[in-house]
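In structure tokens below, several structures.
Same chain, two partners: chain A is paired with chain B first, then with chain C.
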Partner chain A sequence: MSTSAIKTHSRKAYLESKQRAARRNMILYGVLVAFALVAPVIFYPVFLMKVLCFALFAIAFNLLLGYVGLLSFGHAAFLATGGYTTGYLLTTYSGFSPEMAIIIATSAATLLGFAFGVVAIRRQGIYFAMITLALAQLVFFFYLQSPFTRGEDGMHGIPRGTLLGFIDLQNNLAMYYFVLAVFIFGFALVQRIVHSPYGHVLKAIKENEPRAISLGYNVDRYKLVAFTISAALAGLAGSVKTIVFQLASLTDAHWHMSGEVILMTLVGGVGTLLGPVIGATFVISLEHQLAQSPVGDWVDVILGVIFILCVLMFRAGFVGEFQKFYKKNFK
Partner chain B sequence: MSMIFGVPIAVLSGQLLLGLINGAFYALLSLGLAVIFGLLKIINFAHGAFYMLGALCTVVLFNTLGINYWVALFLAPLIVGTLGILIEYFLLRKIANEDHIYSLLLTFGVALVIQGVLTNIYGVSGMRYAIPEVFRGGVNLGFMFLPYYRAWVIVAALVVCFGTWFMIEKTKLGSYLRAGTENSKLMQAFGINVPLLVSLTYGFGVMLAAFAGVLAAPIYSVNPVMGGNILIIVFAVVVIGGMGSIVGSIFTGLAMGIIEGLTKVFYPEASSTVIFLVMVIVLLVRPAGLFGKEA
Partner chain C sequence: MSSEFVLETRDLVKEFKGFTAVDKVNLKVRRGHIHALIGPNGAGKTTVFNLLTKFLIPTRGHILFNEQDITSMKPAAIARKGIIRSFQISAVFPHMTALENVRVALQRFEGNSFHFWKSEKALNKLNDRAYALLESVGLESFADTVTVELSYGRKRALELATTLAMEPELVLLDEPTQGMGHEDVDRVVELIRQAAVGRTILMVEHNLSVVSKLCDQITVLTRGAVLTEGDYQTVSQNPQVKEAYMGSESNVLEGAH
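Let's look at the complex of A and B:
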């Protein structure tokens, strides 16, 4: 067999395996969407919406950590910016349409993300984490002192409004399907980015930055765009979350929140598409259960212990470990 | 009353003193971070928690065993430092070869656990600790009143900072430490026990944090969450100074404290954010930090 024949053959096999994987994923996603559509029959819709909002937040975060290798410790700033902007618009102007509020809030988070990015991508590794953390603290103090956020009290009773002028979001079921639609949009976007040529460059940067630079890629610009998209999606999550719970508070801006989204991503599986979704579901459900149990005060300690255990022996997360297990036993 | 820039000198110098004291804490904490970073290449997210443990230890030692300030000044760092060594030995060592991001996350988890456990035991309301007898009162310098304890904090912090600098730059042990920072594999080949050195270094960095905590106990409100916010400021200080030099982290810490103090006089609204703004400017102008080497 000539070398070109081998090449054609292996290329064909490669494409076929890719197609098989794509088909398998389509089936998996189909099942998950079907489940999400009927889920409100089984679970309380508000709980499901909380899970979806945090899952979107974690997906946004994972785009950076999982696919560019940048650990942001400041994503709470974008979540809070999305939330506060939405809250401000919906409470100040009566009858303001929620879709407009979401668009403006997401744009605000995008701008903030761009500004963060310009400053933070000047350093790498742990410095990047420290810088994003410090910038987010700056934003936290801004929200703490600004009168419009009502400081420590937060904004309450934000009206949900009427979507597109005819869907009353006061109805929890209508709200749920809207949140689900937003979530699927966010997931599909990240899925698209990750599999695009742009996404492959991001992964190249993650694996070997000097090599990506020597290949002629403007690494800083790729990072900045990724950071901005990630911030935009985090802002979108914050905006929708504010409409769901009708409140925006400093909890969202606190560095604790940045830590929580890291935990969600880590538990679920860094650098996998479904990982952050599963991680968010796990963490939110756990917090939900613990809050009603006698050990409610120990939530932080339990989260900390999970953090430590994850880092010590479960670094690939649920999805990553499953993939490893699958590859070892079924391939 | 004499004025400078429309501000009474007494107010200005009072805030400068407060700034200098905050700066002394920033310097001690960022010094500890820098020492740990040098050999272990990790950012110790639990540093704030160890600072808090130092302060809390002092209060608890006094309340339960009646142990006085001077003994606590040695005992508390020793206790907390031992805890640090245990954490290094049983947790951090296990992931020493992984990406450094994981050790950051691990120490974050440790901080959550320490802070969470103590919050459940002691609550978040502040505990008081009396200023030791010798340092009650103060001296009138003519332009301002200088409480003795505050003067002591500055002197003690500077002495410890200088001692650390001297040990690292001028002694045999320090030369091992610096060699380990450059190339730990080669040093191991020369027959120096690197794992032990790593443990001791981590313990020493933690001790510095705990020592700062003891100094802080009589002047700040002691509670389990006191370490969180100061840690983020210290991170910003570290970014501003760069991890390049020991002297750099001491100088940056003090300077940032003073800048913070001055902001309190001239534009109080920005006093909690000014250090972060300085960080942004430094990053835009000189990304490696004021004392950092271009990586």
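Let's look at the complex of A and C:
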């Protein structure tokens, strides 16, 4: 073989190996979607919807932590903004369409995310985390004091409405498939972002920020876009969650919520696409199981111990550790 | 456009809380030259370097690139003007393949770097150029290797390929041979010579044998100020340089490190 033939050959092999990996992922995602489609037969739909909403929230958070390397400690603000905006629209205007409420609520979270980002994005590491936390606390007190949120009581009995004017979301199955569709949209969006030209720049910034700057990339702008998208998806999760539970409360705005999404992401595997989904499923299921068991009051302690074990023993999380294991033994 | 000097500094000063790290440095880098900045440890070489690339902000003084004042520009803006720097520690993206490292540099010219809705397949059209650049530094066969697995010398070669991808007018190299074995040093010298064709290079370097082989012009810094300037012959004969460098006049420039 001539050198140029070898070259073409190795280049082809590279593209083919990428295609193979893409195909393998498509099969995996296909199986998961098929499972999600029949899941309501086995599990209680409201439980599944809760898992999906938190999984979407965790995916949004992971876009920032896993793919830009920014630890936000204020994502509860976006979840709550999505939730309260949706709740307000659906209770105040009777017959308001849920899809419009979701769009407006997501836009509100997007704007808030942009504003947070402008303030916080220049800081790094712990300072970034602290600024996002401080801003989220401001938002928390705003919701605590505003009359429309009904403070500590929260908004209850928010009507689910009819989707597109003909799908009654009062039906749990209809609601479930709608939430599933929203979730798949969010997942597909993040998967596309990660594997886009923009995603490559993000990865470069995460890997070596000074070098990315020296190549001429205005890194703050790239981070700001990622932060805004992440906030938008968190808002979308909050909005849908409010419709599912017909409830918007301060729990969503509390910093505990910002902590919980970190836990979900780390346990599942930060910087992997499926990690936050697995992590959210795990944490929500565990909370659900424990709440019904005699050790119900110990939920936080047990989650805390799991978190410590995770940080000490399997830092890459479920999915990350599995990928390492797979690479070591099957490649 | 083609002024005689690509880069000039005028009375450049950097103070850190009362300590003057860089003291009224006037530097003139002639177009097409390989220009070295040398001096003993703590002479302020790296500080000057960081001032030039805007990673530090000068206390006083001006920096001119092609006779245009760039003193108040941001690092990324400087890079877009055509000044690309390297770092003391090799500046690569460790968990990307060699090909992706080069491609992410080429990508900036495509105008799709904010396109988060597009498939990464859009980047494949850059592959040919990326492979060509890797070939020029002898890394063609490592295109699919994740960078973290490359040897130190190869990382530096990759860094250079990435730098060249930017088509820079002026390349700033911060100790390009630092921490390298002899073989790697020779390779990097060869690479720099190759890269210098049609470009201007300013480098900070400790290894004087490298400087003697490569550089047209040398500026010696001590205690933040310019001690002397000239070609290698002139500079190496200067008794002040010998003293500053070695603390004595004896056997200075025998390839000292």
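Following the convention adopted for this analysis, the second predicted complex is superposed on the first by the 324 of 331 C-alpha atoms of A that agree within 3 Å, B and C clash if a C-alpha of one lies under 4 Å from a C-alpha of the other, contacts with A are read in each partner's own complex, and residues count from 1 in each chain.
Assume a contact is a pair of C-beta atoms (placed from the backbone, for glycine too) under 8 Å apart; a residue touches a chain by one contact, two chains touch by 3 or more.
Source: prediction; values computed, not measured.
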**Message:** Taking the superposition on A as described, I'd like to know which of chain B and chain C A:Arg11 touches: first, second, both or neither.
**Reply:** second
**Message:** Looking at A:His195 after the superposition, I want to know if it touches chain B, chain C, both of them or none. Which is it: first, second, both, neither?
**Reply:** second
**Request:** May I ask you to decide whether A:Val283 touches chain B, chain C, both, or neither, giving the answer as first, second, both or neither?
**Result:** neither
**Message:** For A:Ala58, using the defined touch cut-off, is the partner it touches chain B, chain C, both, or neither? Pick first, second, both or neither.
**Reply:** neither
**Request:** Check whether A:Ala248 is in contact with chain B, with chain C, with both or with neither, and answer first, second, both or neither.
**Result:** neither
**Message:** Residue numbers of chain A touching chain C in their complex, please.
**Reply:** 7, 10-11, 14-15, 192-193, 195-201, 203-204, 207-208, 210-211, 213-219, 221-222, 225, 229
**Message:** Touching residues of chain B toward chain A in the complex: what are they?
**Reply:** 42-43, 91, 94-95, 98, 100-106, 108-113, 115-117, 119-120, 228-229, 232-233, 235-236, 238-239, 269, 272-273, 276-277, 279-280, 283-284, 287, 295
**Request:** Please name which positions on chain A make contact with chain B in the complex.
**Result:** 71, 119-120, 122-127, 129-131, 133-135, 137-138, 141-142, 145, 255, 259, 262, 266, 297-301, 303-308, 310-312, 315
**Message:** Help me check something: in the complex, which residues belonging to chain C touch chain A?
**Reply:** 53, 55, 74-77, 79-80, 84-87, 91-96, 99-100, 103-105, 107-108, 110, 112-120, 122-124, 127, 131, 140-141, 143-144, 162, 166
